[in-house]
Amino acid sequence: MSAPAVSEPSHVALNEVIRHYEGPPAIHALGPINLVIRGGEFFSIVGPSGCGKSTLLDVLSGLVRPTGGSVQFEGKELHGEVPDGIGVVFQEDSSMPWLSVRQNVGFGLRTSGLAKAEITERVDHAVSFMGLNQFADHYPAQLSGGMRQRVCIARTLVLRPRLILLDEPFGALDQQTRLLMGDELLRLWRETGATVLLITHALDEAAMLSDRVGVMSARPGRFIDMVETGWPRDRDSRIVSDPKFGALTARLWSSLREESLKTMGRAA
Amino acid sequence: MSDLSLENALAGSTSRRRIRAFDAVVLALLILALWQAIGSWTKGVVVSPPLQTLVYLFGLLRTWMFWDHAAATLQAFLLAFALSALIGLALGLIFGIRRFAGEVAEPILAGFYTIPKVTLYPVVLLVFGLGISAKVAFGVMHGLVPMTLFTLGAVRNLPPVLIRTAKVLRLSPGRTMLWVLVPACLPDIVNGLRISFSLSLLGVLIGEMFSSQRGLGFLLVSGMAQHNVPLSTAVVTMIVAVAIAANTLMLRVGGRAARRPNP
Amino acid sequence: MTRRRAVLCVRVAVLAALVILLELCCRTGIIDPLTVIAPSDMVASMVDLIGSGELNESIASTFSTIALAFVLAIGLGTLAGALIHRSPRLRDVSDPLLASYYSVPTFIFYPLLVALLGLGKPPLVVLGVLSAAPAVMISTLSGLDSVSSVLIKMARVHRLNRARTLWWIVLPAALPRLFTGFKLALSYALIGVIAGEFILSGTGLGYAISFAYQSFDNRAMYGVMLFVMLVAVTANGILYVWEGRLARRRSAR
């Protein structure tokens, strides 16, 4: 399950992480999870709905404390607080409707203590990096869902996080937009050199974007498969034409299918 | 964050209901205690204490005088409410369907609503003279606009697909209104009725306080003038009780209307 | 844009037509001048009263009373709303109360308030606050409810402390609904105070109308009435436009 290359330092490590909800009824939502994510890696998690993927992200980011086990980020254990250096892009649109695009993007730097000139520079860079130049002074309400998510990503980008967590960020978008956004994400990853953890329900997305994909079981979520994709670093969405891509997706589905059926059965 | 919401959802609802009932009783007792405190502290000059008020009220309910006044109020109120409801409904439907007219009218109606309507009472009296028609006019002045605005809003927010469906089914305008529009807008219409109810009552009561020789509003003011504190307190208590009861009833009815599966 | 302008034009035209109709009816004697005087006379009367300074004391009195009631209502209402929002138990108790509050004609308490506090400003202020504060509470609760949880999560990810979360996230997110509450507060405070002055008081614009009516001074009465109507419509209108601007920025065009 967790086989780090000895030469690369572990960036994030989860050790026997468990998460329970007290209820009633009591729910064992997640774990035990053992996971090591390497620095600079693009790691995706796929799993059936309700398996605890989002809980895992909450635990990883420090938003939530694990009921058991420990989470380490850059060698330090997390204690229910979000440490410096982590950026999160949520599933729901978290853009602030009362701020313009530029103000939204610069929001995270308000507490950074940086000089105004530096802030403006970073914001401008992020805005143009995410292709939002035309809309810099518009308000989120005037933008499409995809653009709003780009605003949220740009906002994370300015903080220069070392770990970027994304919880199904493209879930509300159509397939074509998603493929393009995937390319954006890869660009972002290469540009920042950050470690990226992407949670997605789309197998093709995981297969195409990641260095490694973890497949989670139905609730309580545990890793049942770890797939190394072996893609080169400078990839984009066109690798869907690579024959290996089909094989990868098929492998992910074969691991996942049974778990999904279990979840459906439970729901029915 | 995520576990708090989950916990709330999973929390036992029976214990919550029990706590709510307990808190409601505590609140009622607090109100009674406060009432008692003010009553005794001012030595019955402002309000009479709860028990005394209750006793007086029961005595009052046995007098012919009281029912004479209550009937006057009731008569004026029912007329005012009926007019507000019907005219408001009609206007609201018209302004809701005819979008342009609705857009023109809405700020005018909203603007009228912000005017202290008491200041127009003299005009009403000059036009209608003293008597029940003036009181009804007061009530309608207060209750008409909210009913119109609520209905207007409901019709405007109607999902267009329902009208398209009615057209496809080739329903006549009358039937569209009766079978599609009104049922779909029912929750908001009931809400409008509820508000209009309270406001028509308010209008009638204030009118009675201002310029009448009959009615509960008059009774209240004359009680004050004669320093008959138990009388005024009793009248206020009764009005409050009736208002809350009616409102709660309408909330329940409205709730049932809203809980129907949405068209 | 043109539709908005068209609506505006028609609206102005309709109002103008009504006023002209009234003017004609009064001038031709269809409407008895002892009942309603012509709009032009109303305006003349209003201008006279204001110009001569006769109304100054009443205006100052009424405006200050309303302002005080308004500020108190907002302060108390927002505070109470915020406190109730933090405690689910308190909320469970308050929700039904707030839901039925406006069904009670609070005005019937006014004579009691006068008996308690004497004639003058205090009962008027209390009446204004009683009329306005619950609306502020309701909209504060609604506003705080409307702050989506993802924004709070985002605040934690950005490691904002409590004060900053409140000031930078909660307040701006809740502002549209809070502002609606403020608008209602002004409206209800104004109505409450002037109604109180009218029925039972010794000072203020409401009293001025009542006094003029009882002195059979129609001209003065309509003059003050017109003034009160204009004040009400203007004050509320400004807040209404402001509210619309706030909302328009945040909602899809």
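We just call them A, B and C in the order they show up, numbering each chain from 1.
Definition applied: contacts are C-beta pairs under 8 Å (C-beta built on N, C-alpha and C of every residue); 3 or more make two chains touch, one makes a residue touch a chain.
This one's a predicted model, so the numbers in the text were calculated from it and none came from an experiment.
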Top of the farthest list for chain B, CA-centroid basis, is A
Could you let me know which interface, B-C or A-C, is made of more C-beta pairs in contact? B-C
Expressed in whole Å, how far the mean CA point of chain A lies from that of chain B is 52
The distance between the C-alpha centres of chain A and chain C, rounded to whole Å, is 49
Approximate Å spacing (C-alpha centroids) for the pair chain B, chain C: 19
Quick one: which residues in chain B touch 2 or more of the other chains? 1
Would you please write down the residue numbers of chain C that are in contact with two or more other chains? 153, 156
Among the residues of chain A, which ones contact at least 2 other chains? 63
Where on chain B is chain C touching in the complex? 1, 5, 8, 16, 19-20, 23-24, 27, 38, 42, 45-47, 100, 103-104, 107-108, 110-111, 113-123, 126-127, 194-195, 197-198, 201-202, 205-206, 209-210, 217, 220-221, 224, 229, 232-233, 235-236, 239-240, 243-244, 246-248, 251
Spell out the residues on chain C that touch chain B in their complex, using ranges where they run on. 6-7, 10-11, 14-15, 34-36, 88-89, 92-93, 96-97, 99-100, 102-105, 107-109, 111-112, 114-116, 149, 152-153, 156, 187, 190-191, 194-195, 198-199, 206, 209-210, 213, 221, 225, 228-229, 232-233, 236-237, 240
Please name which positions on chain A make contact with chain C in the complex. 61, 63, 81-82, 84, 86-88, 90, 92-94, 96-99, 107-108, 110-111, 139, 141-142
What does chain C use to touch chain A in their complex? 148, 150-151, 153-154, 156-160, 164, 168-169, 172-173, 175, 249-253
